[in-house]
Amino acid sequence: MLTDSDLQALGLTVRLAATTTTILFMLGTPLAWWLARSRAWWKQPIGAVVALPLVLPPSVIGFYLLITLGPNGPVGQFTQSIGLGTLPFTFWGLVVASVFYSLPFMVQPLQTAFEAVGDRPLEVAATLRASPLDTFFSVAVPLALPGFITAGILSFAHTVGEFGVVLMIGGNIPGVSRVASVQIYDHVEALEYADAHRLAAVMLIFSFLVLLAMYVWRPGARKGA
Amino acid sequence: MKRLSTLIVALLAAAGVHAAEVQVAVAANFTAPVQQIAGEFERKTGHKAVLAFGATGKFYAQITNGAPFEVFLAADDTTPAKLDKEGQTVLGSRFTYAVGTLVLWSSKPDFVDAKGDVLKSGKFNKLAVANPKTAPYGAAAIETLTRLKLLDAVQPKFVQGENISQTHQFVSTGNADIGFVALSQVFKDNKLNSGSAWIVPGEMHEPILQDAVILAKGKDNPAAKAFMEFLKSPYAHAVIKSYGYALR
Amino acid sequence: MTPIEVRFKLDWPGFALDVDLSLPASGVTALFGHSGSGKTTLLRCIAGLERAGRGRLVFRGQTWQDEKTWLPTHRRPLGYVFQEASLFPHLSVLGNLNFGRKRTSTAGRIALDQAVELLGIGHLLERKPDSLSGGERQRVGIARALAVSPEILLMDEPLAALDLKRKREILPYLERLHDELDIPVIYVSHAPDEVARLADHIVAMEGGRVVAHGPIGETLARVDLPIRLGEDAGVVLDATISAIDPTWNLARVDFAGGSLWTRDRELPIGKKVRVRVLARDVSLALDDPGRSSIQNVHPAIIETIAPDDHPANHLVRVRLGDSRLLARLTRRSADQLGIAAGQPVYIQIKSVALME
């Protein structure tokens, strides 16, 4: 039913979303923790920067990424100087773009979850001999677990649904940057509506299942917690 | 010819035709020239041209689904022909308003030589090409490379823009060293804006015909007809040529 | 044992703490005061949960805080009981108890079993915190703090969040702690009855400052205590059960300077108890009242007469052998009796609260 290139696009999409989500967990968790706990004045500006991708159109983000990561951009100059070449039109370029683009979807649920944990459990842990790092892993993370689940699902789903940014810095290379959303766009542009329908249906069902899982899993839907 | 069109314009104005508005869908590559032409059109006729820019394929989908466009300046000749066949147009109104010129362009000076030998040398990181399935310039680029017997050699270096604007962006930001773009994108006032280029000779590929057509919705709009006529005026022709397009 | 040196000075918007104290390194010390007096803040400073701008804290020769030193909370050998039990909801009761114990390297002076037995929570170990009653939760909270084998136990109003019934359920456990553990306890409270029952030493606070401190017997017997206790004014006496009268179900307790009859609570002879006598339950007579419903009548000497909270009343301190008692009487009756310091009188004690 789906063509090989459709399957390749879907496989690439899943790989991109999984890689991005993994990196976001590593990056977003300490950032969210800091945003939830810090009293520094510059916490608010940092929070606003993290939220930027929520309001910026993908074309703006894609355009700036293309310039920044390109051979004349600051990041591009850096990646070239350490022998990595430039990132646009590569899988890792898409990963970098997706990490930035999906950052608020990771950080904001985590931040809310960490804030909901409050000071008291952390103080209790300190009086029970747990160091701050120990407290983080043995108290804060378990208590914020629903937030981690939400953040993971949202980041993954948002990366799957990403289109504008990928289009702008991906270069539509099969197996490298031609993800499912771009493939659908290609089908539509080429007036291959039947092909577009099939792949779009897969995406639609996937998105619905992800959101359904999230609503079922939502902390409020469970008893206690 | 010049006199004729001036006469028509004058006649239309003199006949007391009420100033009307026309909705025009324009292929993205023709953005700059059409703005200049529409300005003059409005001044001369008193009509108003409302311009929308986008990809030809997307316009097709919108038009067949009831979009309110009255005139369509496509980036190819096949889409208007298809609309003709489907009865979505005013038959007989279709004509080629411009012929696109393909150019191999780099944003760096002296990177592309006058004969395009840089393609053979392979000394570039990426070659940006518009999606051949959807963009006529992309199809022309593929045809050119096939004729040069270079397609297999350069294909691994392809980066594909969804349309000709994005392809241009890849090259202008330096992310791709070279790319096949529309001459109109890098050409103004009869000269190259920046960088270096090889203007691909017309015989290398099928001509990139850009057709205009009055859509069914514009059937009874005098402004639609007037706009089509104005596109054929010497003023419009001069503007079109100054952007590097050829004429039929 | 070397006392605990406690010196803190902190300035927050709308609140200042200025304390310089030596706390006894044994027994229960009550930090007592009305809400907003700074007692909880002082406790949090001792625990390192609040970082005072300037401070010095030396516990058994270890410096926990001075100009150069700051020992973070998790490295201070203390146990802390919060006002709400604050159990970890993601862990079972046993998981909560083990949380600190697993992280304690020192050979436990208080074994987990002992803490479980002491607080009577053996039957709750597999339960989740949200299935426990308020009183059970607080008992687990106390056992959890004890399971780290602390060298000092800090308790922040552990009973305040509980209703009277739950309080009654927990108090006996706290008394057992007092009797069976030989670690110092610092106990924050605003309830005079809790303090009278549990404390050996009292630190009275007001407006972020210490206004009185000393052994509980002495301090509560002061007629000039800066903290107004109102109906709760009274003394506590250390006493021993000395006789039981089964006919009348009465027990006699002896204290330094006298003895009292009270309801028999089936405590064995020789048992050490604490007796609380409120000022409002003590009246004075110039002559032996002879036939009276009041059984506990003793000759005593008036030491001090001082004004009480209400302008109609006087607070009178009398000496009974080596013990002191407070009596409340109206200014008019004091005037009509014509009492003065040094005068012998008879005191009649209407009611006595016996605390194990």
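Letters A, B and C mark the chains as written, and numbering starts fresh at 1 in each.
The rule is simple: a contact is a pair of C-beta atoms (placed from the backbone, for glycine too) under 8 Å apart; a residue touches a chain by one contact, two chains touch by 3 or more.
Computed from a prediction, not measured in an experiment: that's the story for all the values here.
Because contacts link the chains only in sequence, without closing, their graph is best described as a line. Comparing the CA-atom centres of all chains against that of chain C, the greatest distance is found for B.
Central chain by Cα centroid: A, whose mean Cα position is closest to the mean of all protein Cα atoms. Mean C-alpha positions place chain B and chain C at a centre distance of 91 Å. Centroids of chain A and chain B (each the mean of its C-alpha atoms) stand 38 Å apart. Distance from the chain A centre to the chain C centre is 56 Å, each centre being the mean of its Cα atoms. Only residues 120-121, 123-132, 134-135, 138-139, 142-143, 145, 224-225 of chain A touch chain C when the two sit together in their complex.
Listing the residues of chain C that touch chain A in their complex gives 47-49, 72-75, 78-80, 82, 84, 86, 88-90, 99-100, 103-104, 128, 130, 144-145, 148. Per the touch definition, chain B reaches chain A in the complex via residues 55, 57-58, 60-61, 125-126, 128, 131, 133-134, 158-162, 166, 169-170, 173-176.
Of all residues in chain A, only 63, 66-67, 69-72, 85-86, 88-89, 167-169, 171-173, 182, 185-186, 188-191 touch chain B in the complex they form.
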